[in-house]
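Both complexes shown next keep subunit A, but they swap its partner, so subunit B is in the first and subunit C is in the second.
Presenting the complex of A and B:
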């Protein structure tokens, strides 16, 4: 009885906190300066990348170290379509999403058969190969980069457009994760992660499920890349295919809690705000601190901040029931 | 027509002929035992039926239709469930969620509502006496409970044929007796069972027909009383490993 009372009290609370966070972030741009709007936009983008990566890394258990390739693909698809073919942004964004998803779908069949480290290395290889192709193909502007049309409207409107664009994308990716986590796909992925053979003989089409997860992840990542390209207005292969984009998203997933719905978002906020508040003065040791965080998580926080939180609430509940149980049970 | 037909099936790993030209049938409603010394090819035979490993030669039919060449999930959808010699619970899920995995991916339940799934899961949990542990994380189960979980998951799939790979191994006498009772109960519900077992008492008690494998070949089949008197079988068990007799593990 005590337990269900706790559960009943906590369930609405988390919804209230969530709604409050959404409302605050939705009206925040009217109260803060352009600099912080840009910081939050970047933060949303990181959270989107982490949330998308979580589907493959957290749920399916596949270390997609080169997932940033879809970010670069989305960015370049939008750039080429807008600059060379005169498309407007939204159609270009949809095309970027489809292209990223299609590439993941086609590559997924052979690549997702690889186990563990081999898959991780293969995705890094794909990232590098695509970067090389983009660098040597004429239509992308090659190594010199490519400029996109400017966003029509003043700098304030521009700031708000990308703020809300990334914010909505983040909400959508969280919603997709929520839906997957509670669907057959989510259960199948979690089963594949620990016992792929048992999952397969219980009727899970494991290859298809992994490919679907990767394609959805790629679609979200591709849209983020597309928005980012339009925001930056200038792309270079070395920048959008930077392996650090994937590594950072990876750290956020591990830090926040893999295979949880909000873990990657929390990880992204934590890491980005920390880096913004403290490390902006120490750009040189930024990588060092990132490395240190990776080591600390793997050693002490195997299931991230969300795991720590769950442990604490569990202990708190136990202590609570122990205190009240003699009378109530 | 038999429910399961295995015809001249062979499979090798490198130089090891794990299954060598094996043929047998399993009829609907039977409990058939599959025995043999360590490394005889029993698990490999089970892997071939469930599709985890491809056959080199021969074919396997289920209800008259070819299984050879199908993916394991497609074979599962035809009504074949199995357990693993080394139990494979899905970590990070509760006992109930583990059993739900069996019900969620049934081909005959596509589009059915959550309540149908829940009923199947509840029934399987109760059948395997796991209902009181339903909400526990699977990591908290002991070995006997994990073996029950393997069976509950398989039963939630609504199988016609159930393949059991050494479900009794590592259990004590009391647990073995309880599990034997449960296996009979599953069979009484119309599930045909092929059971690999080292615990002789269990095989003898469960099956009216026993298949014996040795070095990848099927060397004998028949009623348990006859099989245990067969010189070839005694030779297979006692020939090289005198220390591991026919009655090993029947503690």
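Presenting the complex of A and C:
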């Protein structure tokens, strides 16, 4: 009884906060300088990658350590289609999305049968293999990299385009996560995470569910890669297939709280803003600080910010109940 | 097929095997994929480099120093960090070991810069020539040293009381606890031992590769392939996996394309994982 009452009371508040955040972020570019627009654009991108990874890591419980491969695939598909075949951006972006999803779908059937460490290592292997092949093949420009056509229009317009592009992608990925979390797919995935055999017995088509989750994750990651490629206008295999892309997303998911809808977004904002404000000027120790943060999170905040929040509200509610209804038990 | 290519592959494969043994052991006994192994390997290589550079100590004699320092570091990290994260499951362990790897790698970068350094003892150029096949002494020595170390570790695990305790813990932690094995201590010991072994591998590797903070990262991916090929937890498997990887790489570089060397080994990794995840040698004592 009490729980639902609390939920009913808190529900509109969270909606209000969410809407306010969306509105603020939507009008923010008119009040900030180019530098902060760029920072926020990268921030949205990180949040998108984390949210996409969350589907596989948080909900299905599969440690896709090499999920960045779809980022690179999306980026390179866009680059090759635009420079070699003269496509315009939007068709290239949609093609990138489909290619990433298709690769995940096809690889998913054999690879998602692997569990735990095996899956993690297999995804790392896929990431590295694709990077090596992209470096070797001629059409991608190889190790020298590839330049994309410049965004038409002035630098302000360009900044706004990518800001809103990433922002919309973030909203879409959050919406997809929300939808999945409350759908049959989401319940199936959580069942798979808790007890795969039991899920199978209960009639969950485990392989299909996992493959679907990974493909959706790959599609979102692919679009992010595509946008990023057009934004940077220059790609190198070592950049876009960097394993650090996945690792950072992992940290954001864990920091925010896996298997929550807003956790990865909060984690991404927290980590990126912190990095931008505090240690971005010390590039030499950048990686080390990230490593330290990882260790500290795993030691002291294993269920993430959302987990902490949940614990705190639970305790607060309990204390409140005890205070408001003495003698009711 | 050219004999020289096979010999090159085999000599390199021995080192790969040794480099993967620690990783394989930790995976087999503690069920942890330890991504910090790369950093331990780099540290071992740096220890050899500095001892050689500063005091002119023969690289082979630096092995015990590497082993000792990394044993200590491993013990510290296991007892202070890994132990506390064990209960949060494998995803957290994967991430925390990667974090440790970043931290250590960055510390080495700050301390010793990104310069490429090499260990060049007087005998590093010499070699012997048998029927047109050229075998550098140093590579041969490294190969023998690697096999010796793996052999010693195998004997330790199979013939000593502590070794048996490690294997028992790998089989069933609870049961091992019940018969009086202090499994918490065994975990710390296994981790430190693995760090020591990969540190020694790093020391050996420093004699044929240039040393930089990224050395371990390059080897980490090879360690994956070797471990998966051989089956985790299996020491003979690691050696076999190392040899297969070494030969595959040498073969790809000579006959297909040098640029595809890594691609082929990663594809091999994924294919083996899909079709034979228990590795070529199958499950050994470890990794129940």
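Basically, the second predicted complex is superposed on the first by the 321 of 329 C-alpha atoms of A that agree within 3 Å, B and C clash if a C-alpha of one lies under 4 Å from a C-alpha of the other, contacts with A are read in each partner's own complex, and residues count from 1 in each chain.
The rule is short, and it goes like this: a residue touches a chain if its C-beta (ideal position, glycine included) is under 8 Å from a C-beta of that chain, and two chains touch if they have at least 3 such contacts.
Quick caveat, the model's predicted, so the values are computed rather than measured.
After lining up the shared chain so the two structures overlap, which partner does A:121 touch, if you call subunit B first and subunit C second: first, second, both or neither?
After superposing on A, A:121 lies in contact with subunit C but is clear of subunit B.
Once chain A of both complexes is superposed, is A:259 in touch with subunit B (first), subunit C (second), both, or neither?
A:259 contacts subunit B only, not subunit C.
Classify the contacts of A:285 with the two partner chains as first (subunit B alone), second (subunit C alone), both, or neither.
Second partner only, subunit C.
Contacts for A:27 in the overlay, against subunit B (first) and subunit C (second): which applies, first, second, both or neither?
neither
For A:199 in the superposed arrangement: first (subunit B), second (subunit C), both or neither?
first
Considering only the touch criterion stated at the top, classify A:155 as touching first (subunit B), second (subunit C), both, or neither.
In the superposed model, A:155 contacts neither subunit B nor subunit C.
Just to be sure I read the superposition right, which of the two partners does A:190 touch: subunit B = first, subunit C = second, or both, or neither?
So A:190 only meets subunit B here.
Please determine whether it is subunit B or subunit C that touches the greater number of subunit A residues.
The partner making contact with more of subunit A's residues is C.
Which residues form the common part of the subunit A surface touched by subunit B and by subunit C?
none
Going by the contact rule set out above, which residues of subunit C touch subunit A in the complex?
Its residues touching subunit A are 27, 31, 33, 81, 84-85, 88, 90-92, 94-96, 98-107, 109-110, 221, 224-225, 228, 257, 259-260, 262-263, 266-267, 269-270, 273-274, 277.
Looking at the complex, which residues from subunit A come into contact with subunit B?
Going through subunit A, the ones touching subunit B are 184, 187-188, 190-191, 193-195, 197-206, 259.
Show which residues of subunit B lie in contact with subunit A when the two form their complex.
Listed in rising order, the residues of subunit B that touch subunit A are 50-52, 71-73, 75-77, 81-82, 84, 88-93, 97, 100-102, 104-107, 153, 157.
Could you pull out which subunit A residues touch subunit C in their complex?
57, 61, 63, 65, 110-111, 113-114, 116-118, 120-122, 124-126, 128-129, 132-133, 135-136, 247, 250-251, 254, 284-295, 298-299, 302
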